[in-house]
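Encoded as structure tokens, here's the structure I'll be asking about.
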Amino acid sequence: MDILLFLLLAPLIAAVLLYVLPNHPVRDWLVRLAAVAIAGASLYLLATAFNKGTQLVVFPTEPAGLVMTGLAVLIALFILAMGVKYRKPVAIALALVQTALLLWFEFVYAPGMHAEHNLFVDEFSIVMALIIGVIGSAICVYAVPYMRTFQAQHAEVPDRRRMFFFVLFVFLSAMFGIVFSNNLSWLFFFWEVTTLCSFVLIGYTKTTEAIDNSFLALQMNLLGGVGFAAALLWLGMTQGTIELDKLVGAGAAVALVPATLISFAGLTKSAQLPFSSWLLGAMVAPTPVSALLHSSTMVKAGVYAIVKFAPVLSGTLPGLFVGLVGGVTFLAASAIAVTQSNAKRVLAYSTVANLGLVVACAGIGTYEAVWAAILLIIFHAVAKSLLFLGVGTVEHQVHSRDIEDMAGLVTRMPRVGVMMLIGMAGMYLAPMGMLISKWATLRAFIHAPGGILFLLLIAFGSAVTVFFWAKWMGLIIARPNRAENIESRVPREELIVLGLLALLVVGVSLLFPWISRLLLEPYVFGLYGKIAELGQDNVIIMLLMMGTILLLPLSLLYFRTGRHKLKPYMGGRPTSSDMHFAGSLGIEREMGLHNYYLEDWFGEKRTFRAGVAVTALLIVLMFAGLVNAGGFA
Amino acid sequence: MKREAQLIETIELGDLLPRVERQKKAGDRLVAISCAVVEGENEITYSFEDRAHRFLHLRIVVPPGATIPSVTPSYWGAFVYENEIHDLYGLTVTGMNVDFGGHFYATKVPYPFAAAASPKVTPAGKEAQEKECLDR
Amino acid sequence: MAYMKRSPWIIHYDGSSCNGCDIEVLACLTPLYDVERFGIINTGNPKHADIFVVTGSVNEQNREVIRNIYEQMPQPKVVVALGICACSGGVFRECYNVEGGMDKVIPVDVYVPGCPVRPEQIIDGVVKALGVLEEKRARMKSGAPAEATV
Amino acid sequence: MGVFTIAKTITRNLFSRPPTSRYPAEPAKRFDLTRGHLVFTPEGCRVCRVCMLRCPTQAIVVDREKRTWECDHFRCITCGNCVDLCPTDALHLEPAYRSPEAAHPAKEFHTIPVPPPKPEAGGEKAEA
Amino acid sequence: MSRQIVIPFGPQHPVLPEPLHLDLVMEDERVVDVIPSIGYVHRGLEKLVEKRDYKDFVFIAERICGICSFIHGMTYCHAVEGVMDLDVPPRAVYLRTVWSELSRLHSHLLWLGLLADSMGFESLFMQAWRLREHVLDDLESTTGNRVIQGACKVGGVRHDVSDQKLREIVDGLGQLEAGMQDLTNVFVHDDSVKHRLSDLGVLTEQQAWDLGAAGPVLRASGVANDIRQTGYAAYDELEFTPVVETAGDCYARTVVRAKELFTSVDLIRQAVDRIPEGPIDMKVTGNPKGEFYARSEQPRGEVVHYVKANGTKNLVRFRVRTPTFTNLPPLLAAMKGIELADVPVVVLSIDPCIGCAER
Amino acid sequence: MNLLYAVAFIILAPLVGGLIAGVDRKLTARMQGRMGPPVLQPFYDVGKLLEKEHVVVALSQNYFVLAYLIFIAFSGALFFSGGDLLLVVFALTLAHVLLVLGAYAATSPYSFIGAERELIQLMAYEPMVILAAAGFYIATGSFYVTDIAAFPRPLIVLLPGIFIGLFYVLTMKLRKSPFDIATSHHAHQEIVKGVTTEFSGSTLGMVEVAHWYETVFLLGLFWLFFAWSPAIALIAVAILYLAEIFIDNATARVKWGFALRSIWAVTLVLSALNLVALQYFGGL
């Protein structure tokens, strides 16, 4: 499987080259070239591997394993150095614990454990690889003009774009590593690399806030890393296998402990509730980073790991609690998102919420749930990256990432506005992708034990979701007349990438029956021997709705004619066309329209505190359930 | 049928604020501030009421266009009357807590009640008015 | 196609009226007179209304409001001036702040005299307005503007 | 405790005949005193002008020389002051009210016939 | 980042029957600031006294407001009679009292209806106005008009009412009382109504008094202030206790007005029982000279008519201080921190009569 | 799945819905002691609206309203053709969001606030509707309306909690007092006409027709609880609607906070109890 190697190494090579090159169009072109190559390779992977089931790859362990251990130690040293430099004792402690565990494993147990297949590829990996390869590369392309504008607008930030693109591509490589690794110690290595990339990129601007937030993210992820390392150690101690396929195949009796520990790591990586604060802090990073790491790929690595272990978790107490952590996170994060007006924070909370849903599905772990979980991952990655990039573009033009300042975006930046509308519709409206997944999730929940609890969580959570997305959409199409069209200022590449992603959102929703048939159903069948699918008629209905939605804008042609335009109703007061009205005291007042944030209902602090309390308890129960199941006995 | 006693006390402009404050301290309610133009002078009357319905009027007399101090420090709600007096009589009231800046009533004629705007109606003018009525 | 006559929705605005006519307008909605018998609804929203029922006279400040409401109504529309204040300025005609009847600001189609107008008179006025409304609709349908813009 | 406290009333309403008047199918409700509109009988008028002078809304114009009586019904508030003050029976109020108009109507105009010579006192009396 | 919503409320608005205009500044739906403005009904009728005979002016005084019409007319007459020191025949005084209370009945029923309408309780609105029609019939059959009665004149009243008719009115009110009982029962006891009114727009006793509140607004805050106690018209010969509530919220204001309905019926009953025979008016000669402040208790509270005369048939100054005008500052105080949905309710809770307030 | 039913719904529902609206107005008037409009009044109203001038604040508002109408009709048709209940619910949500967007597009103070409130309404009743669909599934083993309707036992017995909860929410869906917080059919409101403030003429007509579709669909949803016996179902649905008219006339409008809180509480308690009971004592 040379293609796997290519996907692992090509980004790495590109990264090194990018680090060497100075700020120059050549580097920009290299980014584009590499992106096209990676995207092409991942599509090639799809074309060559989609119908072949799980393929395990033998790969020489020795040199690679050694290199990895060495690099892991280097990473640990780097973290220690940074920790010392910025005086972050928690990070130092966690890094020490984690490295100690890892070294213990590497030197005491690893020699005795032989992994037959270090790499693999199956349908789920293909899905993940496509997300990384296509969406990730698109984001990298987008980052070129974005970072140019960013540096131009933030003169105070040192230009570290060389480092930026270097890390970005290293990250892509590591992500491919995560989804192709069959050897858990490899997986762990790549896992740690993504943590490091995230750490470096969050701290890009090197402001105090950025540094603090980057350490917050680092600490949370290291905490998860400790869990992961513990899983490896446990495997070593019990003379288990460190091969993913064998472990998953072994079932709950053998694999429940590592599965739970790795799920714990997954919960931190995917910013589930007691740990979600790091993702919010990570929003200080430049927007492409948020799009790539913190919504469409890296956080997905967390849920990827949990979904991988879903068959193990299914029907177990720890599984139930993992699922509940996800469910509660979904509800709480959605509720908090209502109170946010900072666009990136809304997106971040929505990301946390949706990952929560995936985690809930994975925790339940039935065949339907896994099918739903993967669908969620796909649709979320596409729509959310579009939204993040959209927000980035808007931010650079209107100099604010506040939702309220996006009022009337359809008149100010029509194309970007419409693309963002598509992205948002993709997040919560039928017949777009997320809704299909939600349909699947609901079905999965009903069939699951304890499903009613999940049902309640999702029912209330989706209601809240509708609220915050719809009000944002509403602001975008509301038209305060002060708007002038400023779209021409948007760099062309940004528009192209946005357009591509918007097409993807629609395309994925249209193509989802085929995606399901080609990739998801075989994967689920391979694991469970059962097939989950949406009924044929429902597919037709979905497509029908989609068609209607796509055709309806044509009616605007009709509505354009013969309409008498009037000013809005303002209680009969004399109104100017730019939303001013004759106010009291003889003052002309500007109408102020702002969304509702229901602070009294879902206030961030209160909801967050409640969510943390509940999920922390659930995590304790998760480990308790493990003890109960006799895992540590 | 009872008729209320008319307790009208004319005071100096300078005594106004202390007197008003005294009424306030005594626990009186501000019933109204009214203004009338009598022989070219503005009569401003502050009417108070105590809890036993005793109705008391303090009156100051000021020339047209005069400046009077606001009683809103004692009576928060007095601004409605004072704005009215400003808009209708063209008197300046200083220190109002809510100043409508002349937009309390948007009148077609500025200061319609001001001394200059009021015709002198005397018994002798009756016939003239009748005539005007016929010429309509 | 005479739906126009069967579903006249009104909007009521109180110009500088003494409330006498206004409460009679409201009284028309209530059980004893119940104008909903004729499909009349008091919408309170110019965008939904067909008949502008206006009471009181025009003064300095409400002139713009009356015009604004009138302009916000979609065609065809009819103005019914209720009460003598709306017809001519009435008893307040000579007040310094009163400009006169509603026709100083907007074209009035039906005048209903009375001080105050009685509910039956209001019904008469609105019924008369329906005829005008229908005429305007027919004119509009034939392509001509329902009325000259003000 | 009160949920649906109005239940009794609305149920009663539902099952009883509504009090709605059938106007215009049925005639409007009127009382003897109802002030509908002003009626002028020229024959009784002595041209004293009290109705004009005391009209609160100045709807009436009487010209002594030309012996005319004019009333603008778009000004008349049917208060009945003129009826009360009229020294003769030239004015009275009818309970029927005026109907709506499409335009300002012409003023009601009457020429007052010259009466057989009689002592004239009304005008001065009322003005006093 | 300010998330404030700034919207215009009125002058034309379906829940405000009259033009009052507020600029609302809100966060979500919480009202953080209210900037009011009036002047849409300002006619300047006080100045008309310079052009009208003081006797005819009563017809204009009545048209200050079509709802409080009768009491305006009566108070104007009181003021002029005060200047001229006229002793009005007792039958006229009693008739005026009966009509005042009938006006109060119609006004309170009207207000209860509007309040119900402002909180979306349509059937209650209809019910209140249905009852009100009975009162209007009584008014029309005795005075000649439904809402602007034109029954008062300087020196008496214009129409006598036969004792038999007065009896009929009292009997009719007896029947009406049952309906009013059902109606007020809803206002006082219904949970959905209480949800909308309780703890809303609270004015403490001190606040209400200091801000110059009048009438039911003042009484709902625990001050037993009713100008009828000063004994104008026939009230010094009739017995009644002012209705007082202490909570000072919209609910208390509603309860005060609901209970006052029954006080009014009782007062009418007493007045009809005691009404003396005799003339209904007196001859008024000469022109007034002097000044007089006359006060009455309108449905909305205390109204003050001030008359200054110089011996001509035209008054020098006529000033009306209406209850709504003095209730505006308390209204502003009561509106702090309410929700958008409460705005019409709180505004209506002072029973605003903009026509009165602006004249 | 039966296309015929879908077509029948699209054609007949406006007629039935309009008639129901007419009867509603007549009965409401009678409860208020009035004579009320003719039963066909809603049709006259829509007829009139179609005759009016096309007036807009923003062009796109009409587009959203058209889409709203189409998707309301679509979800109703999907329901009556026996489709997947969850999809019906999703399509309905889409429709309402489109209406809200139409109101936003107008950018007028009252339609904007109406839009926010409509979203609060959506947020309030959405959980109940989803849980109702889930309840039907747990009781009958299918999301398909066809299967649910063909279920041989009376669902009302299995799903009493869901039924009451849904009934509680129905008031809001029908825009009736006490929950008519975003827009109301007749009562006056502090936000004028809420979402529909800026819609006029044919656009408003479309909204009306959409309401008719929705009424019929909602009554159809309640039909499912009694579907084992069409006669009883007809009576039950009629009684339900009468009860709604009654409630509409017997309450003041509550504030949105109370509406949201009470609906969520009812939803949570009733549906949780019902579903848990169902899962452990019967169903599936």
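In this document, chain identifiers A, B, C, D, E and F correspond to the written order of the chains, with residue numbering beginning at 1 in each.
The criterion applied here is as follows: a contact is a pair of C-beta atoms (placed from the backbone, for glycine too) under 8 Å apart; a residue touches a chain by one contact, two chains touch by 3 or more.
Model, not experiment: these values are computed from the prediction.
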Between chain A and chain D, the fewest steps along chains that touch one another: 2
Centroid comparison with chain C (C-alpha atoms), farthest chain: A
A-B or A-C, whichever has more C-beta pairs in contact: A-C
Centroid-based (C-alpha) most distant chain relative to chain B: A
Geometric centre: closest chain by C-alpha means: F
Distance between the centres, which are taken as Cα means, of chain F and chain B, whole angstrom: 58
CA centroid of chain D to CA centroid of chain E, Å: 27
Distance from chain F to chain E - Cα centre to Cα centre, in angstrom: 43
Residues of chain E whose C-beta touches two or more other chains: 5, 7-8, 11-15, 29, 37, 39, 42, 44, 47, 51, 59-60, 63, 123-124, 126-127, 130, 133, 145, 190, 192, 358
Numbers and ranges of chain F residues touching at least 2 other chains: 29, 31-36, 53-55, 109-110, 186, 188, 192, 197-198, 249-251
Sequence positions of chain D contacting 2 or more other chains: 4-6, 10, 13, 18-20, 29, 53, 56-58, 77-79
Residues of chain C touching chain F in the complex: 1, 3-4, 6-9, 30-31, 34, 36-39, 41-45, 47-48, 50, 74-76, 137, 140-141, 146
Touching residues on chain F, where the partner in the complex is chain A: 1, 53-60, 62-63, 66-67, 70-71, 74, 78, 83-84, 86-87, 90-91, 93-94, 97, 100-101, 103-112, 115-116, 119-120, 122-124, 126-128, 130-131, 133-134, 137-138, 143, 192, 197-198, 260, 264, 267-268, 271-272, 275-276, 279
Chain E - residues contacting chain B, complex: 37-39, 42, 44, 46-47, 50-51, 78, 82, 87-88, 90, 93, 209-212, 223, 225, 227, 229-234, 236, 291-295, 302, 304, 306, 308, 311-314, 316-317, 319, 321, 325-326, 328-330, 333, 358
Contact footprint of chain E on chain D as seen in their complex: 1-6, 8-10, 13, 19, 29, 31-35, 53-57, 77-81, 84, 93, 128
Touch list for chain F against partner chain E, complex: 28, 31-34, 109-110, 113, 177-178, 180-181, 184, 186-192, 249-258
